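Some structures to go through are shown next.
In what comes next, subunit A is part of two complexes: it sits with subunit B in the first one and with subunit C in the second one.
Entry: the complex of A and B
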């Protein structure tokens, strides 16, 4: 089923410069693998060579960090909002929004 | 009443206040720990004192020396307070987009501000401070993101205070910055009762991540890794400025004047309260509202305040 995936600036070059792409999958892992298949430039960027989520990448489903859900096995439903973000130090600004409802 | 030997004696032992009237679930108690009652006005007074005392104990610093620290505000303010009283010179590397009150609170305690570009946020300030510390080996770089005295201050102070005041706590919610509060309190509470859930709330990363050139510019605080943060936390969630300000206002409705990050933490707690059957949730209020008055958070049109909040650091 289709879901919207919001990408950070640093990854947009690999998807033709857009902020949001549509992907399919019933888990976070399936969605990420779908993206890597479609946009080979993302290979190694979100999933590391061991098949785990990249250390410096956080993935959120409806604003919940999937590392504390079921990581790549976290289920994804139709119309869920998925955001991929690089890890940054805390104390960041509230500036900008990577997705708007 | 006690007579305190210095203002530093006022750090810690902050009040825990019931705000269950804001709970969406009548079987869930909500309590907020008011860290704004510390003398420097925030939870960061605890780690400022702990980091300096630990460095003194290790012989790494002595009064008269220059300290440098990257800080979005509260740690700098806490360090400025402790530095003033203990006789240190302090330089704070600060992103340019912090509120004017934060700058003034640093300056009035004698701290020197070194600016780093606002768009680079905390990551940029950290990089700048690290470079300056490398250029000046005589300066002490306490570095809250990698200093074990940071989580220890919460393991030895904040955590035991919460357990003493509320041993029935089932959930602990706090903002994720350096991760020190969550690590220290989280480990302490789980050591007392492994069933306690520890939940982190964070602001949207925003434009800072736009400044990253590649993913390896990403940053995970060393203390988070060294203290098993990923295994400790039971959940982590982004709370956006609108929801943060809405809950900051709801707190004012029950008489609590807290900073915007408290609204974010409370928003996380409210969501948890709605999703569990029963329990007692303790939320950390990192600071009071004083430093955010210029944002109009309580008085201006919500849409306008949300836009303003996106331009400043409130976490």
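Entry: the complex of A and C
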């Protein structure tokens, strides 16, 4: 069934510059694999080499982070709104005193 | 250049100070072309650590929707370094998600907080000016 997928700026170049694309699938995993098949530039960006959700992205079904649901097995219904955003993380680990100036 | 109104600058630094002893983080909503920030979204640091931060994904989604609804975009992220300078760490560089974003560091290593902004493109760090109109 068709669902709308909202993509972050950093991935839009791989889908022709648009913000939202239509995909099909009954689970988040099927939807993401559909997108990778249609837009090969997304390969390695949303699914990691082990077939898991890539750690550098967050995926939401409507308002919910799929990592708190069933991740790639999370069911998707007609008219669900799927969003992909970059996972935003970092920290001072590895920052040494040599960076003091 | 990143243009940060003084009220948002103060909100960002206050969020970082409130987060001590842990790192604090948040997102910046603005115009991706001009680099002008119009909204500051303080977020929870899910890593709850003095050395790492993770922006709460659900707060990120809410901020993204709010910014888009206002005709803006999320154009950057800020976080504090509690004991090191305002310079991206190897962790920051490795995990920088978007070459178009502004990466703002708030160092709390000294009494006076230090704010700096960077672009990180394919692992290369370049500092950019931070303009706070009126200051």
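Here is the rule we go by: the second predicted complex is superposed on the first by the 88 of 101 C-alpha atoms of A that agree within 3 Å, B and C clash if a C-alpha of one lies under 4 Å from a C-alpha of the other, contacts with A are read in each partner's own complex, and residues count from 1 in each chain.
Keep in mind that, in the parts below, contacts are C-beta pairs under 8 Å (C-beta built on N, C-alpha and C of every residue); 3 or more make two chains touch, one makes a residue touch a chain.
Just so we're clear, the structure is a prediction, and the values are computed from it rather than from any experiment.
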| item | value |
| --- | --- |
| Partner chain in contact with A:56 - subunit B first, subunit C second, else both or neither | both |
| Which of subunit B and subunit C A:65 touches, first, second, both or neither | both |
| Touched partner set for A:45, first subunit B, second subunit C, both or neither | first |
| Touched partner set for A:88, first subunit B, second subunit C, both or neither | both |
| Residues of subunit A that lie at the interface with subunit B and also at the interface with subunit C | 8-10, 56, 60, 63-65, 67, 83, 85-97 |
| Interfacial residue positions of subunit B with respect to subunit A in the complex | 71-72, 95, 97, 118, 121-123, 126, 145, 175-179, 202-210, 212-221, 230, 233-241, 244, 309-315 |
| Complex interface listing, subunit A residues touching subunit B | 8-11, 45, 54-57, 60, 63-65, 67-69, 83, 85-98 |
| Touching residues on subunit C, where the partner in the complex is subunit A | 23, 25, 27, 32, 47, 49-55, 57-58, 60-61, 64, 73, 77, 79, 81-85, 87-92, 95-100, 109 |
| Touch list for subunit A against partner subunit C, complex | 8-10, 56, 58, 60, 63-65, 67, 83, 85-97, 99-101 |
